[in-house]
Amino acid sequence: MRLQVEAISAGYGRVRVLHEISIAVDNQRVGLFGPNGHGKTTLLRTISGLIRPTAGRVIFDGKDITGRSPQSIVGEGLVHVPQGSTLLPRMTVLEALTLGAYSRRAWPRRRSTMEQVFSLFPRLAERRAQRCNTLSGGERQMAAIGAGLMGCPKLLMLDEPTLGLAPKLRAELAQAIHAIAATGVGLLVIDQDIDMLLGLCDRLYLIEQGRVALDVVDRSAIQHQDVLKRYFGSAA
Amino acid sequence: MKKDWTRIGRIASIVVVLAVAAVAPLVLTGGVAQNLAVLSILYAVVASNWDLTLGYAGIFNFAHVAFFGIGSYVAAIATLQFGVPVWLDLILAVVVVVAVGGLVSALALRLRGIYVALVTFALTQLCVALINSAKDITGGPVGLIGVPDLEIRGFELGSEPHAYFYAAEVLLILSTIAMRWLATSHFGLSLVALRDYEAYAVARGIPARRQRVLAIMASSIPTSLAGCLYAHYLIVASPDVFSFSLTTLLLSMVLVGGAGTIYGPIVAAIVLTVGTEGLHQLGNIRYMIVAVLIVLTLRFLPGGLWSLWTLVPAIRRRRATRVPSPLAEEASS
Amino acid sequence: MSMQGSRMQTTGSPPLLEVASVGKSFGALAAVADVSFALRERDILGIAGPNGAGKTTLFNLITGTPFFPDSGRVTFRGTRIDRMAPHRIFRLGLARTFQKEASFANLTVEQNVSLGATYGAGLSGRARERAVDAALERLDLSAMRRQPASSLTVYGTKRLMLASAIVVGPKLLMLDEPASGLTASEVADLQSLILGFRDDGMAILLIEHILPLLFGISERVMVMDFGRKLIEGPPSEVARDQRVIDAYLGGQSEAAHALAG
Amino acid sequence: MGAIIVSGLVSGALYALVAAGLSLIWGSLGVFNFAHGVLLMTGAYAAWWISSPDGLGLGLGIGIVGALAFMVVLGLVVYLLLVRPWIGKANAELAVIMTTIAGSIFLQNLILEIFGGRYKTIDQVVTGTVAIGGTTIQAQNLLVIILAPVLLIAMWLFLTRNRTGLAIRAVAQNQDAAQLFGIGVERIYIATFSVSAVLAGVAGILLGGLFNISPDMGTDPLLRAFVVVVFGGLGSLPGTILGAYAIGMIEAFSSYYIGIYWTPVVLFVVLIGVLVVRPTGLMGRPT
């Protein structure tokens, strides 16, 4: 088991967002979906060490990484690409990618990794001298994922990679994510686009109110309509 | 029942404060002691006024001590250079300081946070520069000496040892009543609202800049009067009142005493003024001790000395509905 | 097409709120571009769209917090408000809530509402007390009136934000994702509250990601994408629109059909 | 005219060194270090004590190196004692203003206790005069004029090429993202403070070679640096440097043509003028 989240509780101040949630990521691609504000992003932030859980354990590659600093978790090869448009607004693409390889494990390999990133996202190579805040939405997303790859991840966590992208770009990005998965990097992906998740992932978790509301292990068994009903049923 | 006790407690503390105020000048008769008392009371006025804008409104107005200094210079210049009769110079000082405060804050409050601190700080420096460059009127770096005594029907306050002591006390009591009244009124609540969440406050009809400018103007009134009394009492107006060290001392009174309480800075003004004077024989080391105390207070008692009071459980319960110090927020959660 | 739609609707009575070709850019990014719509009294207009489509920015442009539009006009009750300070806009009867639960955490629940009454409606004395009591009662906050606002739950804070808005009797209530982070029963409660406000004579402008709520109570829905208005129309029509499905609903479209149909 | 420009360049260079340090800390930590002026003074004293025959007498070279090494440690101490406990807390801005002021009171009086209030002098790094065009320049002045830009360019290269330098900028722009890159924010804060303290130390040593050194020698440069960072915009290094030279020049010209006492008035008027037009300074970003 590559990543195992065992009964994690976490939140911000007095507000508890995650309630003893458990998920598992084997050598497979796992998707998280569910309504906004129900804890998907908080879960990733807890796994990557930005938030300290109040209970539960996170185990990565057999090591207990609960409560460790984000720095040391990145060092283990668990890389989180956060949601949001611009990672480092006033840095060039080249600088941002270089920084992606900051961890001791990735730094010596940064040149060869960058070649790989550029071959995956040729557009980034063209834009390498440009500041991140002048990039288009799709390019920003590519830069963010590219910087994540620079960390030489064993498991890559992507938070809404297709957010705010037009359908064509979305398809393009989904293809790139497939290509990343094909290299053997594990994936844990949050997205609102269920079709994309269904095409990409072997396993899906529906997260509601900080808990796993549905765990779909066998993709062929997913009744599209059922999932959607479940999704919208929460408020209806 | 509980309410009765609250009320009795309040009346009792008012009686105690008034009794102490009445008796203190009669007890503290030595020249040094009296001097220290008057000074600490005037500092208490300035620090507690500053608390309205810094603690409640969260404005980094570093020109507050300049209001005190301008007050003292208006008194000195008006009486010495233009022969304005005493008492009238007090009114003049209030008018000038309120005007300066309003103008500067209207400009400075276009900015936010640290920029406000830096620009208002620059204003204080400007005052020193103006005093130095307009020597003929201000006396330059030496200052103005011989500010006339305040008098009532021929009775000179300086001729009676207790008179300035009482005058300073009256100013402090009136100023404290005014500041507490302002701070707990809807005006004060609006300042706290703006401090805590400006976008939300303006979306509920609170005019941000106007409220803040008004707060600064209000806080400058007793402060300018304290400056006048200071000049009349010491008979001098000196550019030292604009120094970085006085600003630092008064700021530490606000923060060590407890920002957002009005009372805290008064307590700290007395403690710090008397304390640094009491350690007189230590020379410069006393400033080092004060510096360490400031850091320790901010570290371990972020609500200031006044928050010690709330460690008493009964009072803490009552205070739960009041406005806590901005620095104490994190500590309580 | 959508422009025509809104014009047609405005021919009857003069609109309460009219937004005409409003735009705002941050550097190279056009956060809101050429958005127009109109709202009559007691209208409920829902606004949907992916994150980052410019919905909240549009709210900020209408209420002047914390910036003004680069281009276009906003008219509320016949008065131009696109260059007006936010506190004046509130006094005209346009109240908004914020996406993040906001409160004046250091003040009590009652003081929070009382500030709105004082500065929004110029009330004082008994009139203010009555208005505050009524608003607290309406949002079921009377029991907590003396507690500090920071002690409220998420839904409690959201209700407090509504109480401080309705205490002045606004003509238009703009709600920015009011249901995010709420439980199902709280969403249901919120829904009846919103409909109640409408019945009291307020128009509602609602940004919401929880589609059953949005499609359930809106008379019309506007979908935004990339800062632009994609479509505006009755919920059933919007849910079937191919552009909306592509840009926003995606896999959710079938469910949206079911809901709208 | 030549003399005025030289004086403006010297002041501008010194202000740039001082203000760049302030700006760097503001950019990454969002706090303002009021102890910066006292750091400058301490650097000068350290260099004097190590180099002067009245102190250790090890000569100027070792004095400078030793003083700068000392500044690295002092930056660390200031960060750990006066800044770190408040980072991320409510009102960190105000608390750190106060703690750094307290720290500067402490250091200033400590120096006064140890070395007394009498003026001291550090040897000039270079002596003599140089004639350029029609103007005779003190060699030390020329050194300041040349060295400051060299140091600032070195700092720029450090911030754009070096792994740690890039990390400093990353932390300033987006702390969460920086952490997710594996950057230890704590280490970067320490590095930022140390770099800033070294810049203050360099300014102190250069200033000490031009004027006497005394416990309050840091006050004026700090006050000028305030004007500079507001003028140029906090957190923007190019803005800060531009602001520093602009202020240095304005000061030099107004001292000559209007009078030295009126110079602060002129500066204040210029400052207010800039802020009315651009409330975040010439090149600053909103906070």
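To keep things simple, chains are lettered A, B, C and D as they appear, and every chain counts its residues starting from 1.
In this text, a contact is a pair of C-beta atoms (placed from the backbone, for glycine too) under 8 Å apart; a residue touches a chain by one contact, two chains touch by 3 or more.
Treat the numbers as computed from the prediction; the structure is a model and nothing was measured.
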Touching both chain B and chain C we find none
Relative to chain B, largest Cα-centroid distance belongs to chain A
Which chain pair has the highest count of C-beta pairs that touch?
B-D
Distance from chain D to chain A - Cα centre to Cα centre, in angstrom
42
Report the inter-chain centroid distance for chain C and chain D in whole angstrom, where each centroid is the mean of the CA atoms.
49
Centroid distance [mean C-alpha coordinates] between chain C and chain A, Å
32
What whole-number Å value describes the gap between the mean CA coordinates of chain A and chain B?
54
Find every residue in chain A that makes contact with two or more other chains and list them.
none
Which category does the touching pattern between chains fall into here: line, ring, star, complete, or other?
ring
Which of the chains are touching one another, listed as pairs?
A-C, A-D, B-C, B-D
For the complex, which residues does chain C have touching chain B?
63, 65-66, 85-87, 90-91, 95-96, 98, 102-108, 111-112, 114-116, 118-121, 146-148, 150, 161, 164-165, 168
Chain B to chain C touching residues, read off their complex
186, 189-190, 192-193, 196-197, 199-208, 320-321, 323-324, 329, 333
Residues of chain D touching chain B in their complex?
26, 32, 81-82, 85-86, 89-91, 93-95, 97-99, 101-103, 105-106, 109-110, 112-113, 219, 223, 226-227, 229-230, 234, 259, 261-265, 267-268, 271-272, 275-276, 279-281, 286-287
Complex contact set, residues of chain A against chain D:
48-50, 69-71, 74-75, 79-82, 86-91, 95, 98-100, 102-103, 106-107, 147, 151
Looking at the complex, which residues from chain C come into contact with chain A?
27-28, 50-53, 154, 177, 179-181, 183-184, 187-188, 209-213, 216, 225-226, 246-247, 250-252, 254-255, 259
